[in-house]
Structure formats: C-alpha cells, structure tokens
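Some notes on the structure that comes next.
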C-alpha cells in the first residue's frame, strides 16, 4: 500500500480530529484514575501538530513522523508526551528503511519500534494498564493479517480490556484495585491513533 | 419594688437563658448584616457570668452589675462587649445611689446611665440601627409608667422597628440601604435583656 | 463545615500554642492571655508596637512579631476583637519604657476595646498612643459615620512604623509616620467564595456559581457590588480605579504594592492578578518600588484577593525597604 | 469554576510574568521558555540546582529560587510535567561550569521528561546528575513498581542540597546529600476538598460534606482511605503513625518538621495541626530541631495539609539551618 508523506499527514490529522473531539472524554478518563490532564495535554500537542503541517511540507512519511515526534516531545508534557514522542521518533527511523509502498507486515515492524520505545521509556510492560496494552496487540494483529479492520477490532477490544486491568504503572497505579473498572486514558488515545490509521488506510491508501 | 442582689442575679440569669437559647438566632441576625458573631460573643459572656454568679455572692444589685460589667468587658469582645460592659459599669455606679427598694423612675434613671454610656462609648445616637434604638425608648417608657409590661411592649416595638432603619453605625453600616429589612442583632439581644428584666420584676420583685 | 481542629472553644488557644511550638525561638506566650510577644524582648529604649484583632486573619497579626515590625500581638476569638484586659497585657509586654503604639483596624469593636485598654494602660503609667487604619476604599458614603474598614494595608503600617521604631524613633515620631502611611495607603478586595466562622458552622454569605463580590471586607462584610466573575485584568482595573480615585496617582509617582490572598486563592492566581496590575501601572507610568505578594491578611478560607497601593515618598520607601525578620515576613535579612 | 485569570491558555505565561513583575530583582525569565532563573547568576563554580514540574504547586518551584536553594525552576502546564526542551533550558541557565543537579519528583511524566533533558544536556557537554524525591508514604504496595510520589518533602531536599551547593560542594557531594535527605524524609497528607485544573474546569474528585481523604497526592491522586472528618489530633497521629512506620523514630531522635497547607486551608488550622503534632512528638521524646509551616507545595485550591518529617543528623541539621534567601523562603538572612 502507498503510504507516503501525504498519507502520514492524513493519519495524524485524523488523529488530531479524534483527540480534539474527545478531549473532554480523555480528560474524564484520566480524572477517574489519574490527574485529569491527558485530553488537555494531547489536544495541545495535536493542535500544534496541525500548525506544523500547515507551515511545512514533507518528503516522506518518515519526515512527517519525525516532526510529530518533536511536537509531542515539546508540546505535550506529562507522561504521554515523551512516550508518544519516543514512539514516533523510533517509528520515523524505521520507516526510512522501507519504501513509500509498504506492506502490512512492514507497518507492523514500524509500529513494533514504537511499542519497544514506549516500553523502554516507560520502563513498563504489557498488562500494567497503559497505552502498551493497546500497542502490543495491534502490532501483533498487523503482523497477522493484511486486513486493516483486523487490527482495528483488536485495538478496540484491547482498549476496552484495559478496564479489567489493575494498574501498576502511571498515576493510576496509586489506586491499586480501585483502578479496575476504568479504561486507561492513554489506551484510549492510542485507540484513536489506530482508528485514524485504519481510516487512513481504507480511505487514502491505494 | 425590692431589687437587691438576688433580683439582679435573677435578671441576668434570665438574660443568660435567653441569649443561650437564641444564640443561633442572634448569630443569624448578625450574619445577615454584620459578621455573624453576636450570638457567639454574647453567649460566651453570659455563660461566664453564670460561673461568676455560682462562685461568688453579692451584697447589692450594684455589686452584681459591676461583676457583670467586668465579665462583659473581658469575655465578650467585639463591639457588644465594651458596650454592654460600659453600660453595666455605669448602671452599677448609679445603683449605689439608690436603695434596695427602688421605684420604676429610679430604675429609669439607672437604665439611662446605661444608655448614656453606650452612646459615649459607641459614639452613636438613636436612629443608627444599634442597640441604642431599644435602650432609648425603654428608658423613656420606664420613666412614663410603673407597669413593667409597658416598657416590654415598647422594647418589642423598638426592636422590631430597627428593621426599618438604615444602619449608620456598626458593621451593618457598610451595607447602606441593604441593611434595611433586618433586625439589628444588638437590638435583639437588648430586647432579651429587657424581657428578662420584665420577667424578673413580675416574678421576683415584690 | 470541614476544618482541621480539635475543640472549637479551644481554637485560639490551640492556634497560639501551635505557633509557639513552631517558632520557639521567636515567639512566646504571655501566660493566661491571648498575647504573643517576642521570645527575646527588644532592648529597652525601643518604642513598642502592638497590633491585634480577631483571629482568622493569619499570619496577621502574630506572624508579624519580630525585628522591624511588631513587639506583641493580641488575638481575639475568630473575627471578634480581643477584650481590653487582653490588649492591656499586650501593651505591658511590649513596653520597654519608651511607650507603646497601638495599631488598630477601624472596626467599632476593635476601636472600643483597644481604646479601653489604652485608658487602662495610661492609668498604669504607660505612655500609649494609637493609630487607626482605614484603608478599604470599598466603603464610601457621606451619610455614613463609622468610617472605612482597616484591611490589608495594615501590614504596610506594621512594616513602616516597625522600621521607624527599630531605628530608634520616639513614640510621637512613630505615630506620625504610621499616620502618614495610613493617609497614603488604600486597598480594596474581591471575594469569589465565602468563609465559615467555626463557631457558627455556616458560611457568612453565599455567592452564585458565576458570581463574585467587589469590596467584601475581611470578615465577609458585604461589598459594594455583585457581578459575574471578572477576568484578572478587569479585577485589577476595577480595584485600581477605585483606589486611584482616592490616591490620584500621576505619571512618575512611586507606589508600593501589596497583592494579598484572602485564604483559598492559589498563589498562581495572585501572580496572574499582579501581572495584569503591573501592566496597568506601567502603562500609566506609575513606578512600583516594591511588591509584596502572598497571604498576609486573610479571612479564613475565603477565596479572593485584595490590592493595596501605598504612595511612597523617600521616607516611606526607605522605611519600607528596611530589613525585617518576623515569623511570616522577612526582608533583606 | 471561579478563578482569577485571563486566558486559560496563557495561564502559565501570565503567572511567570506576574512573578518576574513582583520580584524584578530576584527573578528573570529565560526568553521563550517557561524557565525562571536568578536575576543575578551565582558566581561560576557553584553547582547549579534545577527543579520544576507542573504548575499549580506555587510557591513551588520558582519561589525557591535564590541563595541557598534553587538556581532555576522549570514550569509545566498545570499538573503536567514540563517538556525536555524546557528542562534543558533550565539546565543551561543554571550551569556555571560545575554541573547541575536535577531535583525530580517521582512521577512517570516528570522522570521521563527530566531524564530526556539530562540526556540532551549531556550531549551538549553539561555534567548533569539527578535525584528523584519519593517521600509520600501513602503509596505502599509490593506489586507496585512505579514507586512513591514526591510531595512536600521536596522542599527540604531543595533547602539542604541548596545549602550544600552554596557552600561550594561538588556535584557528586550535592547529589549524595540530596539522596541522604530523600532517604530520611517522609510525608503524607489529607485532603478535605478537591481542586480544579483550570483547563478541565471540573474538580478532580469529590468528597462528601463530612468526608476527608487520607493520603491524597498533590495532583489529587487518590489516597488510601476515605473517612469521616477527623480532629486535628487524629489527623496528626494517623499521619505520624504512617510516616513513623518508615522512619522508626526512637526517643532522642531529632527531626525537622514541615507542616504544609495544600492551598485553601487557613494558616490557623495548620498551627492547630502543628500543636497536636508537636504534643505527640514531645510525648515520644522526639526532638524537633526546626519547624517550617505554611504553604510550600500546594495543589491549587485544594484544602488539606501534609506533614513531613525529616530525621536529621548533624550534617543535615547544619545544612537545614543554613541561611537562605529566596522569593518564598527566607531564613536567618
């Protein structure tokens, strides 16, 4: 599938739309078991990202992701800023190795770079009720099937599945058992990211 | 009428009862147009007064009023403490001049000393929406009629009449026109004082 | 009402003990009174400064005891003037033979109780003078004889009179400089939510979800107007206009600024308010020689803030910038 | 939500400008950043101290800039860690060639952002070390790997590390003494009512009319238990027990005390709490060498308080009592 600069921008603009639209919801999720700023933080980041996209043009998807990385790192703050920032930085580097035309399994390997870097930066693993609990199964799903709806379905279930997890990382961890029963805010925003990816692939990518 | 130490104590104990019972009401009145402590302040004073009466015995009404004065001055604080304290001090001095057996018009002259000293201490006059608006007509009433119910009736009307006055003294003065429509807290407590006096005269005084 | 306390009747007692426990080298209690005084009395020959009033305004007043400000502070019950016998004890504790200045805020109760105390002290041979602070410009009515309330500007009276006393001025001089400050210091506040006197258990007034009150006193006395919530900029200019109506500042005039939180307002908001205010002053070319910002004259957990402007000349500026070392206010030490 | 502000998006900007306007001789901004630093940089040859974090904790952290404490503070959005590029600017502003110590509170976001900044600074040739404060004993769970939060105890880390740096210690020494403090400093708080992050507009949690929460974090993170409102005495002993479970103080041990208001709690109540606490310590024959009381690490307008105990030895006591002259905290100046 063709996935160059335009598609990458489309992906992140779609992400921006979802985050802005659901800013309050994300914040509410974070309020329930965190400190209630995830929607605010991320919305500030993606808004700036839209400005960056407006002002510059890009050669490749890799360049787009690199710009996104810088914006996340310098505009989001909190835990999610460095996490998304690191993930996009590493994905940008990996994307350089592939062509404009990528396969779903190449996409999987790119996303895996993101997952790994979140793990490293956050010193976290799957099952701790963080965004990783969405990233990890999505990477798996992309390597299993070429159907973009497959990873979306997986992402959705994984996001909802964070409800059942007892947090051991992030602010929600302070709640112990009381963190159970709430969707993790970062898992939700990551779901939006993959939902945006699914839509981009289906609408734009040939 | 016989009005010695016992009667004076009975008067002030009756006052104590009324103030304690209506502590919240007095405070609410003060809250509406003042700072909401009149009931608290005065209840603290009369409670201490009851202790003083318990611990000591007195020769004359004058002695009782002197003790009351000291207690008001040292236990009440705020505006009402020095006002009641000064009033009782001057009344105590005047009472020395009369006998155990006093006439209503002698009582009027004693209360007038109280009124004068409130005026002097508070640099206030009748018509400024303070306790003076009860004291002044009561003094008048006592000099007009030997019937204790007469001054009580006058006190009641005067107390209720403070509702219509625009305050120019005390904290209520800060409200200007907005002070209209509320009974003055000190007028209310003074009404209790004269109600207690009426009851003492009718029940105890022969 | 939710408060951290033990026995409502012992509130002032517990607070005073807690203060002495926290500042054992600076403060001591005068036994069986509500007076706090310096741990080490100043050398004799210094005019004593005594302030006080109802409790609930902390750090005022005991927090200002120390070098360059007060020698003793007398605490009343919450929002209730202390009684004359207590004030008398404060005067005695502060007197080193050179006389005592009483700094009184203009409330009927305070004035009466402090003046009675002054009479008692005079009778005991202590030279006592007093000044009455009335900086709150919210109150203004010709038919109104009680006069203006004393609020946060009192802190600057403490500071400047305290500096003069520390430098060895005589009682009359200290009184004169205090009166000079009082003439030039004007304040006004806004409240966004009320406070609750512990013994009453209920808020002193109520404000709607989107309402604020302009000109509220530090005991919750009503202000001059209720409006919907304003921006920091609007608050700064509203308060400044009212203050400047009295001060009549011209370009090039020098002022000292006090931005005071009433209890529950975050310091962040005070700084934002100061940002708007200082921009406004800059525009008018009024020179700010000093800014004191924080909680100095509070009203329990009221939320809101007051602004105080003191127009200074060389003398006042010099005394204002003099060092001070008290429990709550320290400068250039 | 009622707050004194202008533009919610400009909140931090306006606050920083308001701070510099209020303290023009002490603070300056690093242009186009959210970094505040000393007006006059310290002589070269002093280890630089940088702290920071989300805004809303004022006077933390910029209020502690000055002699004997911090050299720069980096402000994030309200309750949100500042980003690595901003922290890097703070590091650069504080570096005089002798290296920089980062004082980080243990939150995932803060740790990641500050550590990324340290990596960037190292890449630019600046010697950077960091310490992570985790004094909040409310958090305790073996299955829990994030570790404890950093709260008010951070102020004592600033104070003591700052004193060591002022005296000329090398970066490694400053780091070691900071770590010694971190090992011995334990805190815990209670909240009586929540605060509202301006951008969200709604309180972070809710508490019933008669409820309080034990162990709430300074961003409103849930604590360990909700109870009905306790007396000051009960609060003091509950917090002390939990703190002492870690510190294990014995009769004759010396501690330094920090009684910290979370924003809306009147100073009166902090003193009452201190009265109960100091009585309890006296009973256990634990010696209080110093008490710092007031609002130092706040949570916007949250009401409640935290207690911090630092077990001191001669070295820590000596550094603690060293003089300091910052915007918010002054000692022995």
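Lettered A, B, C and D in written order, each chain numbered from 1.
One rule holds in what follows: a contact is a pair of C-beta atoms (placed from the backbone, for glycine too) under 8 Å apart; a residue touches a chain by one contact, two chains touch by 3 or more.
Because the structure is a prediction, the values reported are computed rather than measured.
Novice: Calculate how many whole Å lie between the centre of subunit B and the centre of subunit C, each centre taken as the average of the chain's C-alpha atoms.
Specialist: Here subunit B and subunit C have centroids separated by 32 Å.
Novice: Counting in whole Å, what is the centre-to-centre distance of subunit A and subunit C, each centre being its mean C-alpha position?
Specialist: Taking the average C-alpha coordinate of subunit A and of subunit C, the gap between them is 54 Å.
Novice: For subunit A and subunit B, let me know how many angstrom lie between their CA-based centres, rounded off.
Specialist: Their C-alpha centroids are separated by 75 Å.
Novice: Just say which it is for the chain contacts: an open line, a closed ring, a star, complete, or other.
Specialist: If you draw each chain as a dot and join those that touch, you get an open line.
Novice: Which two-chain combinations qualify as touching?
Specialist: Chain-chain contacts present: A-D, B-C, C-D.
Novice: For the complex, which residues does subunit A have touching subunit D?
Specialist: By the definition above, subunit A touches subunit D via 27, 31, 33-37, 40-41, 44, 73-83, 121-123, 128, 168-171, 173-176, 178.
Novice: What does subunit C use to touch subunit D in their complex?
Specialist: 2-6, 11, 14-19, 21-23, 55-56, 58-59, 63, 192-193, 209-210, 212, 229, 231-233, 235, 257, 259, 263-276, 278-279, 288, 291, 293-295, 298, 300-301, 303-305, 323, 325, 328, 330-333
Novice: Considering only the defined contacts, which subunit D positions touch subunit A in the complex?
Specialist: Checking each residue of subunit D against subunit A gives 54, 76-86, 107-109, 112-113, 116, 138-139, 141, 143-146, 149, 197, 199-200, 202, 204-205, 217, 219-222.
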